[in-house]
């Protein structure tokens, strides 16, 4: 990235905006290209001082996104190529990816093999592992934010809610993070301090969704989300999750635990074992990214499909409206 | 390559039922052999067709009457080997060859303890080594070789792997439950499919009948040419059929919302999912170009008067270990950058 | 699939490592360069300002631009240091150590390539503190922030000033917000040393003392020249000596880093020297520099200067011209269309 020797107008001229591909509450996204190389880019234009939080200067989510992306370099994390500001706009130049996992899951013309699912899970976990290694929580993991390029590579995007963890001073972490359908139980119960496990729960839900082709726990409200969760996985007991009765005062209907095999009929034992451990109620028992990557599922047959051979969409259509309730802008960018 | 002991472990040879058959109502094998002789009273089947030979704990056969006679007053020595046995410990042998009987019993016992699965091993080779070991132990026990040593091995293994054994035993139970559940569901599905099919046949028949009646009516009453009427009817029938079939596929798709996944079930089932791919031995799942920070070992507990972690935080998934590990990583990160 | 390439250390990924490490000589060069080019530019602008004033004759006479004693690079640095130190006066309740440290580093980075003749360090200091609170997850509402400023300095500052400077400050740091400080590393050593000594009370005091030294290090250029972990270890070593603890810190260091030991000790010694030889900028010194600054500030940045007024007028005129041009084009096109239909 250019550094201090060029001023913003020079940088701005390096990139050409071509067409609008998305719009959200605080940003507009364009598709463009790097003038010199013709490389496709996505330019996220963030309007400063206009949204509700604009009362406090540069948007916190803009800061979070920029701060995180600058420090993370990994093939499964979207690359922040450049930044420039223009009058009252902040522009992020990101790498451009055609498609995302949500579009792929919804496309009825695409058939998934278990090796494909394994490959996407592998890339997702690798990207997330890198975040956690750097003590960064993504906090908005969902298929819409897992971008997929023409070469089949999957990349984590939209770090607008990301923040670090493992900070003893952070005693009041927000619970209104992660899109509801992928939100971990401890967040729904209002935990003020949490850790890597919140991202892992989301990955578990994504794993389930890849197998089912529909969202696993699509709750319309927070209460409904919990209800759906308990129906699917059984109401947690004190044994499952020590201390959870202290976390919430609410009383819930006691649903029994049904084995995952009943719903995921075609999944192998190793698949179910991994899924179960990702969806453990007690966040302390939930798998870490390392543990997940070392799970036999990834070493067992079938081998994960090489990214180049993964099924893809026939044509990309960026103006699809996502069905999941968004906690940030509609476009993953 | 891999020897698997019987998965459906039930306990010891079946206890005697009053009609000479075991609990499953299967006739015992030994009843059919006319040359069977009781080694004690030398009685044979020819002379006493009702003679039943039972097996003792020490794997010696004798007929019921001898057992009654010898052990009427409780425990006593086996007439063949002298080991103390009781009347109640005699049972019908499942297999004629007592050696086989003994072997089965031993193998079942071992399987109960040595129940590790392929997934518990990092490589196929190690799994096979384990199986070889188990086989050696079984062999020793069956043939009475270094019994003491082998028993010790078994005990040691049991203690070491206590948790894993319990876990695997649980899993097996679970799997049996699941298998049953799946089977039941499949049965139900088949049944409902069949019923639906019957229904459709019935509907088709009715429709055909109605159309036929209408046709005849029309022919009788209408002024149009018979050919035209026939053509119309045919078209109507075709349309109705098309509508019905599309309705069916829609229903079918709706009934299985996981329709797409269902289609690939066939593809999945064909694969041996649990077998580790040998070529994956050198596989590095993490595949990162960055090294882990080393130079320290994270302890379980430190003296830390600075960090407060409430119980509630722990429940929410915040562990003080995060704080410690992060600090240690910060301390050793880049320190050797000279 | 397994790569035999040696793996990169994780810290090499950070922007702090990639873009914000300089040797002392490099720092000197950069600052001198900034200062020289600024002086030239300001001279020009002041000359222009003067010519404008002569025609307006609105102000009392000022010395000619050629004769103004402009600030030197050292003087600039000193005033910055003075205001960096002032950051520590803000209440710890709202601004924990990490936030203040980040703010100071932002300020340092800003003034590598910018001059106090363009931006007064007081404004930048407050902007950095506000920004630092945000980037370190300690966000403070602007109204609360302004109240605290008023309470401490008895000065009123407008929210607009802070907001207006957020972007320039961010830009000059290339939006590289993440800063790593020695505080966490020092805590890490506090934990690891528990394997090395049983005297935990002493260890606790060593750690607390080291934090004081880290605070001092922030007022030097150490953040640019060394890794935070190295600074942390040096402060721990210093604290051990100061408190005369029986901890064999050198033994610990030797055991942990057996190779490159000599080079390593050189680094620690250098850090220690910098810290012991550090002396803060006095209030008098600061006042003196501030007085000098008054005469060589960039007139463009003063909204009431003749130059600024002229610039605004020019811009306004330009906009008008563009507007008339645009409407003319529209009118012409309209006429064209109409003519077609006649």
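As written, the chains take the letters A, B and C, and residue 1 is the first residue of each chain.
The definition used in the following text is that contacts are C-beta pairs under 8 Å (C-beta built on N, C-alpha and C of every residue); 3 or more make two chains touch, one makes a residue touch a chain.
As the structure is a computational prediction, the values presented were derived from the model and not from experiment.
Of the two chain pairs examined here, B-C and A-B, it is A-B that is joined by more C-beta pairs in contact.
Comparing per-chain C-alpha centres with the mean over every protein C-alpha atom, the closest match is chain A.
With centres set at the average Cα position, the gap from subunit A to subunit C is 34 Å. Distance between chain centres (mean CA atoms), subunit B to subunit C: 67 Å. Mean C-alpha positions place subunit A and subunit B at a centre distance of 37 Å.
Shared interface positions of subunit B, defined as residues touching 2 or more other chains, are 283, 287-288, 290, 292, 306, 326.
In subunit C, the residues touching two or more other chains are 10, 13.
Within subunit A, residues 133, 167 each touch two or more of the remaining chains. Put simply, subunit C touches subunit A in their complex at residues 10, 13-15, 19, 96, 98, 113, 130-131, 134-135, 137-139, 141-142, 162-163, 166-167, 170-172, 174-178. Of all residues in subunit C, those touching subunit B in their complex are 1-3, 5-11, 13, 17, 180, 184-192, 194-195, 200, 203-204, 227-230, 232-233, 256-257, 260, 263-264, 267. Against subunit B, the residues of subunit A that register as touching in their complex are 74, 108, 111-114, 122, 126, 129-130, 133, 135, 165-168, 184, 186, 189, 191-198, 211-214, 241-244, 246-247, 259, 261-262, 265-271, 273, 283-284, 286, 290, 293-294, 296, 298-303.
Residues 119, 174-175, 177-178, 181-182, 185, 257-258, 260-265, 267-269, 271-277, 279-280, 283, 285-288, 290, 292, 306-319, 322-323, 325-326 of subunit B are the ones that touch subunit A when the two sit in their complex. Considering their complex, residues 1-4, 8, 48-49, 55-58, 60, 63, 66-67, 70-73, 83, 85, 90, 133-134, 163-164, 167, 169-170 of subunit A touch subunit C.
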